[in-house]
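Here is the structure we will look at, set down as C-alpha cells.
Per-chain numbering from 1; labels A, B and C assigned in written order.
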Amino acid sequence: MLGKYLDNVREKAPLVHNITNYVTVNDVANVLLACGGSPIMADDLREVEEITSICGGLNINIGTLNSYTIESMLQAGYKANELKHATLLDPVGAGASKLRTNTAEHLLQEIQFDVIRGNISEIKTLAVGTGTTKGVDADEADTVTEENLEAMVTFTKHFARNKKCIVAITGAIDLVADSNKCYVIRNGRAEMSKITGTGCQLSGMITAFLVANPQEKLEATVAAVAAMGLAGEIAFTYMQEGDGNTTYRNRIIDAIYNMDGKTLEEGANYEVR
Amino acid sequence: MLGKYLDNVREKAPLVHNITNYVTVNDVANVLLACGGSPIMADDLREVEEITSICGGLNINIGTLNSYTIESMLQAGYKANELKHATLLDPVGAGASKLRTNTAEHLLQEIQFDVIRGNISEIKTLAVGTGTTKGVDADEADTVTEENLEAMVTFTKHFARNKKCIVAITGAIDLVADSNKCYVIRNGRAEMSKITGTGCQLSGMITAFLVANPQEKLEATVAAVAAMGLAGEIAFTYMQEGDGNTTYRNRIIDAIYNMDGKTLEEGANYEVR
Amino acid sequence: MLGKYLDNVREKAPLVHNITNYVTVNDVANVLLACGGSPIMADDLREVEEITSICGGLNINIGTLNSYTIESMLQAGYKANELKHATLLDPVGAGASKLRTNTAEHLLQEIQFDVIRGNISEIKTLAVGTGTTKGVDADEADTVTEENLEAMVTFTKHFARNKKCIVAITGAIDLVADSNKCYVIRNGRAEMSKITGTGCQLSGMITAFLVANPQEKLEATVAAVAAMGLAGEIAFTYMQEGDGNTTYRNRIIDAIYNMDGKTLEEGANYEVR
C-alpha cells in the first residue's frame, strides 16, 4: 500500500519550504532531492510568506531557533495555513530549554500543523509537560518498547486528537497516529541514532510526502517514516570495514535516492493498532 | 588551453572570502580546498571589510540572505571593488522572492562584479524580469537547449555587456560570456541537479580561479565551469551499486581534489560562439 | 595510558553544548556522536544558560561569530564557569580580523577556559599579538617544526601558565601543555589540512573528553588530540582510487566511530617535554 506515496513524490516533485537548523540543513536538502522533492531554505521575515506561497509545504524545525527565525516561522505558518499548504512541526529539543518548549507550544497554538514529528521526549514535553530530555535526544526512560506499546499507542492517539493533527513519534519503534488509528512501524536500525539529523531529514521528507499525497496524509506520513527506516536497513547492507556513522549517513540518503515504490512496499514493516 | 588556469590556482592558493548560505557552506569550503584555494567564511558587518582585505576574492551568495548579511555583502563588495579584488555574485533564488530579486539587483547596482553565476531562471529574472523559477532551481521552460542555443548565446552576451561583467549560466549546457565572446560548455551530467549546492560550489571555485588568473578572467571562469562539469563526469565513473546523490556529491569534490591541469585540458568540452 | 580516556567518553556519553560556526557544525555534531558524546547546538541568548546547565561541557568556536552569538558565548561561559563545567575556546581566525582577535581576548578575560585549542597563528596572536595568519589557516612562517620545537614547547607552557589553562596547538606536530608539562604528539597526516573543520571537530571532541575525565584534563586533551591524528592515519589506509578530501573527511569521522581505547593506546605517538 505504501509504495504509491513515494511514487507520487517522485512524480509531482513537490517544492518544500524549510525553516530549519544550520546543523543538519544540508542533509535535509539532499534527502528532499533524494526522495524526489525540491527544497528551498529561507528564513528572513521579509521573504518567508512569499517563499511559502510558491511552495507546496512548510517544514518548521526549531533545532537552532533564534528571535528572528521564530518570528519567521510564525509568519510562514500563518501564510501556509491561509493557503492550506501542508505543514509540519519538528520541535527539536522541546524540554531542553524553556525557549524551545514555549516556542513549540506557541507555534502549536497559532498554526494548525498537519504533522508533529519528534522523539518521544519532545512529544511528552508538549503533551503532558513531563518529558525528560537528554539535550536533543530522547531520554531512555521515555522509550517506546514492546512492553509499554499499548499505552504509548493510546497516548499518541490522544495527543493527535488534542492537537487535531497527525503525530509521528520516531525511535526504535515508530508510532504514527491520528485520533483514531495508530501505525506501529518497525523499520530502521539502532545505529541511526549515532548520526545527527536523521529526524530532521525525516521531517523534511514527510513534508514532501504530504504535499504529494494531500488526500491521504496519515498514510503518506507512515510511508515517509517507513522509507527512512528502510533506508537505514538497506544502507547498512552496504557498510564495509572501516565505515562509521558519517558514511552511514551518506548511504542512508543514497538509499532514499535509489528507493522505488516497490522496494518500499515490500520492505515496510508495520501494523495498525 | 584551460589546464593552466587550474594549475595557477594550485600554485597560488588564493584566499577567498565567502558570504554564503548555511545550506551548502561546508561543501563550498571543501571544494575551495579541493581545487587548491583557501576559504574563509565571515559575515558580520564589523569584520567583513577587514576579511575581504586580506583575501584575493569575494564570493557573494544570497542563498539564505537576511537583513544583517545583506548589509555585510554590500560593505564587503565596496571594499573588494576599492581594492580591485575578484568579485562574484551568485543570485540564488532571484525571482523566487522580491527580497532576493531586489537584493541581487541592488548588489549589481552598487558593486562591480567580475562574474555573475546563476541558473537560467535567475539570470533571466535579472536580465529581463521575466524568468520563472521553481524555488532555487531553474524552471524547465527556461532551459538552454541545442534548439534555442543561438538565441541564448546572444542573450548572455547582451546581459554581459549590460552589466559590464562575465556572465555564467550553468545547466545542462553551460554558457560563459563577456560582451563579445561566449563559451558553450558541454561537460557535466544530469544527475548533478539532484545534489544540493553544485552551483554554490562552482561559484566559490570560479572566484578562486579569478584570483589566480587576473589577466584572463573569461577563460579562467570557463576553466572552473568545465572543471566542475568534468568532475561530475569523473565522479560518476566511480559510482557503485547503492550509491546515490550524497555519495555523488562527495565524489565530485573528490574529483576536483584529484584533478590536474592535464586532465582538465583533455576533458573540457567546449566551443566558442 | 590514553585509551581509558576514550573509553570513559563512550561510557559516560557526555552532553556537550556547542556555540560554533555554521561551516563545520554538522561534522562537529557527527564527530561528537562518533566518539561517544552527545551534541547540542544552541546560540540564542534566551536559552544558552539553560542549555549549558543541562550539559557537561561548553565548546565555544568563533568561526562565524556575530553580534548575537558573541553575547551568547559570554553568557554561556559565565554559566559554565559558575557550574564548574568543562569549557573550551576555539579562537578560529584570531589575527584575521580585529573582531575575532578582540572577541577571543574578551572571552579569555571573562571566562576561565579549561582548554584553548587553535592553530599556531591563532595562538601566537593571542599570546604575543604577532601571529601572522592566512585567513583561518596557520601561516607557514609560524609552523612548529623539529627545529623550533624546544622553543615552541616553552612558548606553549608559558602561554598556558599565563592563561591558567591547557593550551593545545595543533598542526603537523601537536603541542598540548599546561604550565609544567608539554605533550608533543606526532599523529596525523598532512592531507588533513585539505579538509575544512578538522580543528573544529577536534575542539568538540576535546570538550567531550574533558567532561568524561574531569580529574585528568591534560591527559584527556592529549588523548583527544592523538585520537584525531590517529583517525587521520587510519582513515588514510581506507582511501581508494578516486577518493579525495571529502571522502577523507567522512572516513576520519568513521575512524573515530570505530576506535576503541586499545587502538588509541597502541597508535598514539607522543612524548613529554
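Methods note: a residue touches a chain if its C-beta (ideal position, glycine included) is under 8 Å from a C-beta of that chain, and two chains touch if they have at least 3 such contacts.
Predicted model, so just to flag it, every value in this text is computed and none were measured.
Chemist: Are the two sides of the subunit B and subunit C contact the same residues or different ones, given that same means over half of the numbers occur on both copies?
Modeler: Different; most numbers are used by only one of subunit B and subunit C.
Chemist: If I superpose the C-alpha trace of subunit A onto subunit B, what rotation angle comes out, expressed in steps of 5 degrees from 0 to 180?
Modeler: Superposing subunit A on subunit B takes a rotation of 120 degrees, nearest 5.
Chemist: In whole angstrom, what separates the CA-based centres of subunit B and subunit C?
Modeler: 33
Chemist: Which subunit B residues touch at least two other chains?
Modeler: If we look for residues of subunit B contacting two or more partner chains, we find 22, 26-27, 249-250.
Chemist: Using the touch definition up top, name the residues of subunit C that touch subunit B in the complex.
Modeler: Where subunit C meets subunit B, its residues are 21-24, 26-27, 63-67, 93, 96-100, 133-137, 194-197, 241-247, 249-250.
Chemist: Which positions of subunit A touch subunit B when the two form their complex?
Modeler: 15, 22, 25-27, 29-30, 33-34, 38-44, 46-47, 50-51, 54-55, 68, 234-235, 237-238, 249-251, 253-258
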